[in-house]
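Take a look at the structures listed below.
The two complexes that follow have chain A in common; it is paired with chain B in the first and with chain C in the second.
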Partner chain A sequence: MDEMAQVVLDYVKNEYLEDEDEEIDVDTPLISGGIVDSFSMVSLKRFLENKYNISIPDAKATPEAFDSVTRIVAVVREFIK
Partner chain B sequence: MSHFGTYEERIKDFTWSLSERELDYKPDEVINIGWYCSDRICRMGKADKTALIWEGTGGESRKYTYNDVRLASNTIGAFLRSLGIKPGDRVCLFLDRIPELYLGFVGILKTGAIAQPLFSAFGEESLHVRLDDARTRAIITQRKHVGKVRRILDQMPYLEHIIVVDHDGKKELREREVAFSLATVTPVEELDIHPTRAESPSVLHYTSGTTGRPKGVQHVHYSLISQYLTAKWVLDLREDDIYWCTADPGWVTGTSYGIVAPFALGATQCVQDIGFSADNWYRFIERHRITVWYSAPTAIRSLMKAGDAVVRKYDLSSLRHLASVGEPLNAEAVQWSLRVFGMPFHDTYWQTETGSILITNFPGMKVKPGSMGRPFPGITATVLDMKTHEPITESGRIGLIAFQPDWPAMMRGYWNNEETYKKKFVNGWYLSGDRSSIDSDGYFWFAGRDDDIINTAGHLVSPFEVESALLEHRAVAESAVVAKPDEVNMEVVKAFVTLKSGFEPSTDLELEIMNFIRKKLSPLAMPQEIEYVPTLPKTRSGKIMRRLLRAKEWGEEIGDTSTLEDE
Partner chain C sequence: MGYSDKVRAAYQEQIKGIQAAGLFKQERFIHSPQAADIEVEFPTGSSLKKVINMCANNYLGLSSHPDVVTAAHEGLDHRGYGMSSVRFICGTQDIHHELERKVTEFLGTEDTILFPSCMDANAGVFEAVLTKDDVMIADRLVHASIIDGMRLCSAQQDTFKHGNMQHLEEKLQLHADKRMKMVITDGVFSMDGDTARLDEMAALCEKYDAMVFVDDSHASGFIGKTGRGTHEKCGVVGKIDIITTTFGKALGGASGGCVSGRRELVEMCRQRARPYLFSNTIAPVVVSGVLKVLDILSKSTERRDKLENNTAYWRKGLQDAGFILKEGDTPIVPVMLFNAKLSQDVSRDLYQEGIYAIGFFFPVVPQGQARIRTQISAGHEIHHLDKALEAFKKVGQKYDILGKTKQEIIEKYGP
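After this line comes the complex of A and B, so read on.
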C-alpha cells in the first residue's frame, strides 16, 4: 500500500470507525457503506486539504469521489502540484 | 383516484372519529400502537404479508412478514419484562436502521413502556443529556455504539440495562450489559399486551431548543389516530403499496411515518441502512418496485445534484406518489421531480411536537411549487401577528404559524419541562416557531424560523448546545453559532470563535475543533465552517448578538444595533 493510502486509511479508522472490531481496507465503501456521512465528509475533505496543502473544489468532493480510500487518493493526486 | 378525494369534500363535517372507526377503536377502550402495528394486521388475515424488507451494507438483506413482526415484538417485549421493565419506563433505541430498531419499537410499546429513539450518530454528550433528562432505564443498542454508552455509564446510575442485539461473543460484556439476539431466542407466541389507553405515553422524541437542554416531546398511544389517517390521505398508502420512508427513526418522521403508520395500515415498507448515493437509492427503488416514496428536500437536492443521467439508468416506473418533509421544499426541486419522475414531490409540514402531518399538498390537489400546501382536515391553522398574536386575515402577510392544539397526535408535554411547554401556547394557539404567509387560495408559504434554531438537512440543531460544547474545547474562549445558507442542506452550522491566549488560528485547529464537536454532539452539529474573530458582537449587558452574525451570513440588513456594546 502506498504511503498516502495508508495515511488516509489510518485517519478514517481513527476518526470515523465506531466499531473498533470492524476491518476496513482501501476499497471499503465509506460513504455508501455508512462509515462516513455527508456531514462528516466536510471534515475529511478539510483533513486532506490541510495534510496535502491543496484545495479540493466542492464539485470534486462528491459522495462517489470519496467513497473509498483508493478513490480519495486519486482525487488528492489530481490536485497535488 | 387517490384515497383523499377532493379537499372540499374532506373538510366538510370532518371528525377524527372517521379514523377511529377504520381502526375499530372506541373511545375509552384499550389502544396500543404495538398491537395495531402487528397483531391486528395478522388478525385481519394478513399474517403472511410482507411487512418489512430490509437491506444493509455488503448485500445483506432480510424480509419480515406481519407475523414475524408480531412474534419478534412479542419476544422483545417479553425480554424487557424479564429485566423488570415496567409500563412508563423509558427504553431507548440507539441503533442504526437495522430491523431490531423497527421491531424493538413495536415491542417496547406492547409492554406499556415508553420508546425513546435516539439518532445513532449522536456523540456521547448528546446521548448523555437525553438519557439523563429521561432517566432512561434501558437502552437497546448494537456493538458499534456500545463504546459511547460505556464512556458515560458512570454518570448514569439509573441506566440499569444495556441490551446489545448483535453481541458476537468475541469480547466480554461489561457491567449492566446483556446480549439479546432475535436469531437465537425462542419466539414468544403470546404476549400479554399492556392495556394502554388513549392518553398513555408512547414515544419520547428529543428535539433541540433555542436555549438550554433539548426537549423531550411526549406523545401518547392516541397519536395513532392522526398518523393512520394522514398516511392514508396524504401519502396515499394503499394495500398493495411498496413504501419507502427514507427518514431515520431517531427522528419523528422515522417513527410516525417510518414505523407506526405503514405498519398500522398493513403496507409493505422498505428500509435501507446504507449511506447515501444516487445510484444506491435509484437501484433500491427499481429492485423493490417502490410505489410511494417519502423523503426530504436535502436528499432530493442531492439527487438533483447527481444529475438526470443517473435517473435514466434505472427503471423507476413503479413510483406513483412522492412526498417530502423536514424543511421547505424549494420550487426548483418540485419542478425537477416533475421533469425526471413525471410527478411532483408533495411537500408536507409538521414537527416533532405535532406528531403528524398538519399542512400539506394532497394527492390530486394542484401543487403550487414552493408552497407548504393547505391544512389537513380537522386542523385549524393560521398565522398570527408577531406582536399581538392575533390571527392575520389579509393574504400574503407573514406571521407565526399557529394551530388549535386539538388533533390526536399533538404532544402532551415536554418531559420535565412544564415551563417551556406552557410558553408554546398563546391565547389557546400552539406556536410552531415557524413563520409563513397564507395566499388567497389558503396555501401556506414558509418564510423561516422565528428563533435561532438551525435547520440542517431537516434536522434541528440548537446553537446554544453547539456553543456550550465549543467552550469545552481547550482553545476556545468564546463562541457564537449561527445558520449559514447551504445549497443542499438549506442551512449548515457555522461557528465564530475567539481563542484563548496561547492559541493561534490555523486550519489544523479548525479541523480539530470540528472533529471535537462531531464526536461530542453529532455530525449534524459539527460546524462546517469556523471563523476566528478577535471579539464577538455583544449587547451592553454582555449577551452575544447572534443575529448580527447571522445577518452577515445571509446578506441581510443588520437592523437595530443600538444595544451593541461600545468598543
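After this line comes the complex of A and C, so read on.
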C-alpha cells in the first residue's frame, strides 16, 4: 500500500469507526457502506485539503468519488500539482 | 398530462427496488384508541387481533387519558376546530400563547415557540439562527429531522462520534475560527435508548464558547426526577441554549412541537423559521389537550415514577430470561438480535403471541445491529409486561437465542 493510501486509511479508521474490531481496507465502500455519512465527508475533505495543501472543488467531492480509500487517493492525486 | 406510461413505469421500478431490498414499509391499521391494549388489522383485510402495544412512544400513557380527551373536547367547543391562518396573520389564539408560557415554565427555559411538529421545529431552527460563517457539530446518531434541518442551513456541518466527548472537543478546537458554534444532540437517542452526557457537553461548550442544542423528544415529560427532560437528569437546567421537543410522544401523543430556549434564539425563529411562518400552527383542540397534560405532570410525578418502575421490571425480566439488551435506563429497551432476518422473524412470531413489537435493521440501525425495539409505557400494567415477557421467552426459546452471546447468535444466524 502506498503512503498516501495508508494515511487516508488511518484517518478514516480513527475518525469514523466506532467498533475497534471492525476491519476495513482500501476498497471497503465507505459512504454506500454506511461508514461515512455525507455530513462527515466535510471533515474528511478538510483533512485532505490541509494535509496535502490542495483545494478540492465541491463538485469533485461527491459521495461516489469518496466511496473508498482508493477512490479518495485518486481524487487527491488529481489536485496535487 | 406528463404522467406517461414511461414515467409510471419508472416509479413502479423504484418501488420494486424498495421491495426487493426488504425496505418496503407497510402500515398496520389500529381500530382502537392508542393504549397498552390495541386492536390491529394486519395484514390488511384480516380480522382484528388484540395485542399488547410495545412499540408506541406513549411513554406516559396519556394518549387516551380521559382528562386529556375531556380537555380536548372543551378546547374544540370553546376555540373551534381550525385557524385557517398562519400565526402572525390571524392564527394565534390566547391558548397558543398560554401553551408557550407553560412549556417555558415546565422546561425551565427563557421562551418557547410552537411548531406544527418537532420535525418542523428541527427543520426550521438552524436556518433561523445560524449563517454560513457558523458551524453545526452534531452527534452522529441524531434524529433524521435534525439532519434535514442541518441540510437546509448554510452553516458548515460536521459530526462527532456518538457520545464521544473527546472527539467533540477535537471538533470544537478544529472549528475555533467560526463565528458561532452549535453542538447538536438528541437528549435520549431513539434507537439505542441511551442518554446524552449533557453535563459534560455543556461544560465543553462553555469552555469553547459554543451553544448547546438538544432534541428532547424521547425525554420530555419523564426523564429527570420531575420529568423535565435530559437537562434535569444531567443537572444542567438553564444551561441548554435550545431544546426542541414534541407533543406527539409522551406529552399527549397527538402532534405539534416547539423550540424552547434563549429568548433571542426563540425570537429569531419567530422572525425567520419557515415552518412557523408558512404553515398553520397546532390546532386549538390539540393545544387544549397539551395544556391538560402539562397540568397533570406539574401536579404529580406519579406517571413518570410508574414508567421508571415498569422499565426496571421489563429490563430485569428480559435480562433474567437471557436476552442481550442495549445498556441504559430509559423506557426504550432494544433487544439485540444482530441479524436482520432474525429480527423480522422474531417480530412476526411475537405478533402471533399477541405482542406488537417491531424489528429494526440496516439502514435504520447500523449494519449487524438488528434488534427488536421495545418501548415501555406508564399505561402498561405488570400483567401486560408479564404476558409480553412470556411471549419473548417462548419465541427466544424457539430460535435458541436465550443466554447466548452476540458471537453465538451471529454464528447461528449470520451477521
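To be clear about the criterion, the second predicted complex is superposed on the first by the 81 of 81 C-alpha atoms of A that agree within 3 Å, B and C clash if a C-alpha of one lies under 4 Å from a C-alpha of the other, contacts with A are read in each partner's own complex, and residues count from 1 in each chain.
By definition in this document, a contact is a pair of C-beta atoms (placed from the backbone, for glycine too) under 8 Å apart; a residue touches a chain by one contact, two chains touch by 3 or more.
Just so we're clear, the structure is a prediction, and the values are computed from it rather than from any experiment.
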| item | value |
| --- | --- |
| Touched partner set for A:10, first chain B, second chain C, both or neither | neither |
| Partner chain(s) touched by A:64 [first = chain B, second = chain C, both, neither] | first |
| Which superposed partner A:18 touches (first chain B, second chain C, both, neither) | both |
| Which superposed partner A:42 touches (first chain B, second chain C, both, neither) | both |
| Greater residue coverage of chain A in the superposed arrangement, chain B or chain C | B |
| Chain B versus chain C as contact partner of A:34, first or second or both or neither | both |
| Which of chain B and chain C A:78 touches, first, second, both or neither | neither |
| Touching both chain B and chain C, residues of chain A | 18, 33-34, 37, 39-40, 42-43, 46 |
| Of chain A, residues touching chain B in the complex | 15, 18-22, 29-40, 42-43, 46-47, 49-50, 63-64, 67 |
| Chain A - residues contacting chain C, complex | 18, 33-34, 37, 39-40, 42-43, 46 |
| Complex interface listing, chain B residues touching chain A | 57-58, 96, 121, 143-145, 147-148, 170-171, 273-277, 279-280, 302, 456-457, 507-508, 510-511, 514-515, 518, 523-524, 526, 528 |
| Residues of chain C touching chain A in the complex | 138, 140, 147, 150, 156-159, 161-162, 171, 174, 362-363, 366-367 |
